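All chains are identified by letter, namely A, B, C, D and E, in their written order; residue positions are counted from 1 within each chain.
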Amino acid sequence: MYHSKKIIPGLIIFFLFMTFPFWFNIGGEAYVTPELVLPEDHENCIESVEFIRAEHMTILDQWRDAYVRDGYGLYESSLTGEMYAMSLTKTCMDCHDDKEQFCDRCHDSVSVSPYCWACHIEPEGVE
Amino acid sequence: MAIQKPDTMFKNIDHKPPRKDWMDVPADIKPGRYCYAAGPEPLEYVGMPNPRKWDPLDKDWKLPENWENTIITGMKERLEKYRSFKIFMDICVRCGACADKCHYFIGSGDPKNMPVLRAELLRSIYRGELTTAGQILGRFAGGRKLTEEVLKEIWYYYYQCSECRRCSIFCPYGIDQAEITIIGRELLNLIGLNIGWIAQPVANCYRTGNHLGIQPHAFKDMLEFFCDDIEEIYGIKPEPTFNKVGADILFVTPSGDVFADPGTYTCMGYLILFHYLKEEYGLDITWSTYASEGGNFGLFTSHEMMKRLNAKMYMEAKRLGVKWILGGECGHMWRVIHQYMDTMNGPADFLEMPISPITGTRFENASSTKMVHIVEFTADLIKNGKLNLNKSRNANVRATYHDSCNPARGMGFFDEPRYVLNNVIDTFHEMPQGTTKEQTFCCGGGSGLNAGENEEIRMMGGLPRANAVKFVHDKHDVNMLSCICAIDRATLTAMVDYWVPGVQVCGVHELVGNALILPGEHERETDLRGETLPGKEEE
Amino acid sequence: MKAIYSLFLVFALILLAMIGAGTLGMEYLFGVIIPYLAVLAFVVGFMLKVIGWGKSAVPFRITSTCGQAKSFPWIKENKLENPSSTWGVIGRMFFEVFLFRSLFRNTKVEIHDGQRIAYSSSKWLWLFAILFHYTFLVIVLRHMRFFTEPVPYPFVLLDRLDGMLQIGAPVLYISSLIILAALFYLLLRRLLIPSMRYISLPSDYFPLFLIIGVVITGILMRYFLKTDIMAIKELSMGLVTFRPVTPEGIGVIFFIHLFLVSVLLFYFPISKLMHMGGVFLSPTRNMTGNTRMVRHVNPWNYPVKVHTYDAYEDEFREKMVEAGLPVVKPLEEKSENAENKE
Amino acid sequence: MKSSRRKFIKMAGFAALGWSICPSLAGARNPNSRYFVEAERLTAQQWAMTIDTRMLTPEVIDAAIDACHSLHNVPEIEPHQNIKWIWTEPFENLFYDQSHPHLADAAGKQFLTLCNHCENPPCVRVCPTKATFRRTDGIVLMDFHRCIGCRFCMAGCPFGARSFNFSDPRLHLETIDPEYPTRTMGVVEKCEFCSHLLDKGQMPACVEASDGALLFGDLNDPGSDVRRALSERYSLVRKPKLGTGPKVFYLI
Amino acid sequence: MNLDKLIKEKKTQILKLWILKFTNTYPEESAQFFRGGPGQFANPVGHTFRSNLDKIFDELFMEYDSKKMQGLVDPIVRIRAVQGFDPSEAVCFVPMLKQSVWEICGKEVTRQDHISEWLDFIERLELLTYTSFDVYMRCREQLWKQKAEFTNSRTHKLLEKANLLKKAGE
């Protein structure tokens, strides 16, 4: 091969770039989906777990419009038929009262940085 | 009142190709766009394959047996020998940036003159015959098989590319169509597909040293004939030396300068300059009848032929024991010198580092090739005030400058000729931006295409250039198109005559010759062309 | 027609993934085996291709000279457009690779039909090409959040920047919009401009449709057909730590997305997409243009048959002597020799 | 598994439709949710406020401001970057165009002022993202989520009732009331007539703290406190000529 | 309103159609380039067609200065003359104008009181056809002359006379 002094380092750089995730995780422990600390005194969330997992951000997004703009304050669960205040801090965080143990675990793991807490005041975890 | 529809009035107007893929449209070889095939004699003389009499308009091209194999193996071999070729075959994304940059496309509107498509002609063979994907998927992978139809198409369009490289500067990957064309033609030559206009000069050059087949004594006669002319104008007769062992410098110029108007005037310019340098500074420059050709139609044939023809320059310089070589105004000659000569026939360790004996300037940029461009040489002389020039002798010249493709896009030779021009003439106007320097347009006849029979494609290809000339002609009354290429001088003359009557073509050194005051000359009344100088009319 | 074939092919691929990972439940095949093979094929194929190029010689130093060459000290050299030094080449390559300099050269103001100032459309090609490539890069880097744990800050930052507009939840990525716009520009350009349509091959449409497919499935997955992102992370982390798992609850849309990406990786080394590597190896751009100054060596240079001066003189000696041109061997000698031979 | 199978069937449908995705079909979204209003919510056709200038003692003023700012986490920052929802201005600043010599006794007196919740609010018209909007009950409300900090509204408001967060307000707050969110840097804010309290059936904080100096009620209800006060007393509104229709009335 | 005025009023439409028809004598790929390519120097053919057809249109409705008209026709025909067209194809832009006018203003033309003006217009077009053919012939003649000169160039003649040419392989 000609110009191997330039091509081989180039290929090594290419290789390192393209296999970045593989060597970056060498030595790391096996990845496990973060364990979430669930509230003990509640059996269910306002909707089914699958739905909440996929759609919690959408719900919050819709709530905030419904609450701020349209003046609705209550949400009727399709799971239980119960009424909940449409409030991040008053409803969600009432049960999930530790942001670090709950929200952040997944969010950090997939690098999602919701900006809820830039304004809303996070509850202090239950000691 | 009914009017006939134009389509019934003009049945022939059906240039719209049927809505077909380009691969399904065979080449329609049209008179005026192709050059005649090479006869057997020149091919035999230099030992090129398949010499025979054939005509591109015939159905049977008398191809050698197993020609497909020859081309495919030839291609394979070149893919290994030329990384450029291999990469250019692999990475084109057909972005179309080059499509409207080719002067032949701009002038003729033939879609297969889009550089990308011209390359695709060969690329489709590469994919279809040499890549696994192409062999399996065929058309879907953009591949096709090499058939006689395809071969004819390649021949037709690869002799409609002047290797001017304009498209390559717009390519995001630097794909150089000229290199592809060179290799394409090399492949065609493997099975004897050539054109006469290239093959004959090649053989002539190999034998006599120059393209026209001028024998040594005729070469000398011709230059002496010019010297007589100069004597008439200046009252002084230059006395050039030939094949002189021990001269300081060997001078090589395209034979077009010696034997074709208006290059002859440029040649007279050289003679005047050399005489001046001899008289004033004692510089001994010799001409060679053996290496009497700067141009190299081998470049348009194959790398090997290029090397065979080019070898003469160094061999002659070595034999004569000169210090270094000076090269005349020529386009593709300089492309060969700049990009191939030292690699092919070097190292030129028998020559000295080129230093101007008059100014002491070291030509650092030629330190390995040891060959200096005469325009550089003259520019240096002017810069150091070594020439006695009188611009007013060019007062009738209102010039613009055509960047010849090869010095421009093969070397980056832009400012030197402009510097010289500005020192020998009063009136100089640049053509519009986008048509000069690295974006210059071809004369339409480069790469051995300045034959007589393909005049139409030359005129179409020359149109973008002529159009820019017309602009400065109309706007600034420019009447002289200067350039530093022998093919340009030959091609542009007819081309400009057709598109922009009233403009003449000249070499830079013709204008230098006009302006140079020779010691002891009598008062001049005409320029080198014998035209009366301004202010001398009544005498 | 060529476009439709390619489109159908992409649809077929989607269908394949739907049936395979969806109905037939071959999640392991589509989630683990194919991606592994794809990465392997991509990395190995890419390197083999580059090595293949490397094996070809560079016999001559032919660069495109887009500016004044190095000449006298009093002539300004264009160090980037016609570099004579390695640094110049590095600069030139930087502008080519990162800013698409040559495509940008197309951007030119012209006087159109007398007085109107017009820009050539090629500027748009440059713009959308550069938008496409950079957003593609951003998107690839952004995906690193699925392949790293903990996610390094640069990727987090990039993610935030991309979602800077804070529209909707999940936050809308700016890159999603740009890449779609750029891809559709590149596609429509090929479809609508006759000359572009003429030069386009199925292998031009296919990667476009494929990437559009990847982007659209990605967007669908993120914004519309939600799937369990934590399970996806588990799968992707399993892949990169060589402990492959296929967790429950991953929607088919993910497998389609992953399968299209895998196909793209498979296809990459055997296609024009290799311009990614080729742009670095293009001999017209990655060399200095100082051939007259520094000799370039051709590794396969071989001797050729030449017409020597002696042979030349032998042929024309008589005429040369007659014309008073100097000769090496006198005339008599030649005739004697000739006689002797006879 | 079951749910992914279901998704697959849907996906097949989409693909057949050539990717003409209809979001409402996409996935298990929005499971018949319904939104309701709180039962105790206070409603009105047009909320309005009166400020009894005679009762504005410094204590009342301080109490009102403090009640508002502590409830809404409004920070105290150096003057040119200060955030204010309700604040004081001297009479002549508020009513420079309606002043006459006989009002001399009012001159120099500090009055409370706040967002006027105009009937034709210019701030709403200029907002490019519709972050500021007018509720059906007449309150000009801000959706802080949407504010992009362009400050057009600040330029549009003739009363200077809006403030811009040049820095993170939390840096300037000693205590934070967790009930009400703070804002972030780069967001504009202003008085909201305590719409969140109204929704819970409470009166605005400043009204509660004002010891009767501030009254709040439905302008369209002839029996409301504000209507009664307005019918009994001479009142002014700020810059009436601008035609924005302020809904904060000053009882002189 | 008289016919000339009417036609002039619809100039933009007619011209557009005319240029479209004329450029359609090229393959679609280049036709579009010629129609809309970027400007005077990057696209001389397109530019010449667009601007000169425009000027010819104007000149037709002014006093028909045959010298000026020739100058306008020349660049177009000069291009067509080297592009491998038959003579009739090379000058087909003239009947194409008639066709374009007919398609845009056909109804008006058939009105009784316009017939004489229409005939007058046709007559001018005929004149234009003759001019175009003249130019075409001149261009072709020039090409042939150049070809002839090329083969009989001064030097070649000179050399041949002196019997100085020695071709390789002879």
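In the analysis below, a contact is a pair of C-beta atoms (placed from the backbone, for glycine too) under 8 Å apart; a residue touches a chain by one contact, two chains touch by 3 or more.
Here the structure is a predicted model, which is why all the values come from computation and not from measurement.
Taking the mean of all protein Cα atoms as the centre, the chain whose own Cα mean lies nearest is C. Of all chains, the one whose Cα centroid sits at the greatest distance from that of chain B is D. Summarising the inter-chain layout, the chain whose CA centre lies farthest from the centre of chain A is E.
The distance from the centre of chain A to the centre of chain B, with each centre set as the mean of the Cα atoms, comes to 68 Å. Between chain C and chain D, the centres computed from C-alpha atoms are 56 Å apart. Centroids of chain D and chain E (each the mean of its C-alpha atoms) stand 73 Å apart.
Shared interface positions of chain D, i.e. residues touching 2 or more other chains, are given as 3, 27, 29.
Within chain A, residues 2, 50, 54-55, 58, 115 each touch two or more of the remaining chains. Residues of chain B found to touch two or more other chains are 83, 100, 111, 114, 206-208, 215, 217, 221, 434.
If you check the complex, the residues on chain B that touch chain E are 1, 3, 5-6, 9-10, 12-13, 15-17, 30, 32-33, 41-42, 44-45, 100, 105-111, 114, 200, 203-204, 206-208, 212-215, 217-218, 221, 259-261, 264, 432, 434-435, 452-453, 455-456, 459-460, 463-464, 466-468, 471, 494, 497-499. Here chain C touches chain E in the complex through residues 108, 110-114, 118-121, 193-195, 197-198, going by the rule given at the top. Contact residues of chain E toward chain B in the complex are 21, 24-31, 33-34, 37-38, 40-45, 47-48, 78-79, 82-84, 86, 88-89, 92, 95-96, 98-99, 102, 109-110, 118, 139, 142-143, 146-147, 150-151, 153-155, 159, 162, 164-170.
The touching residues of chain E, when paired with chain C in their complex, are 28-33, 38-42, 47, 50-51. Note for the complex: chain D touches chain A at residues 3, 27-38, 41, 133, 135-136, 141, 143-145, 176-179, 181-184, 195, 199-200.
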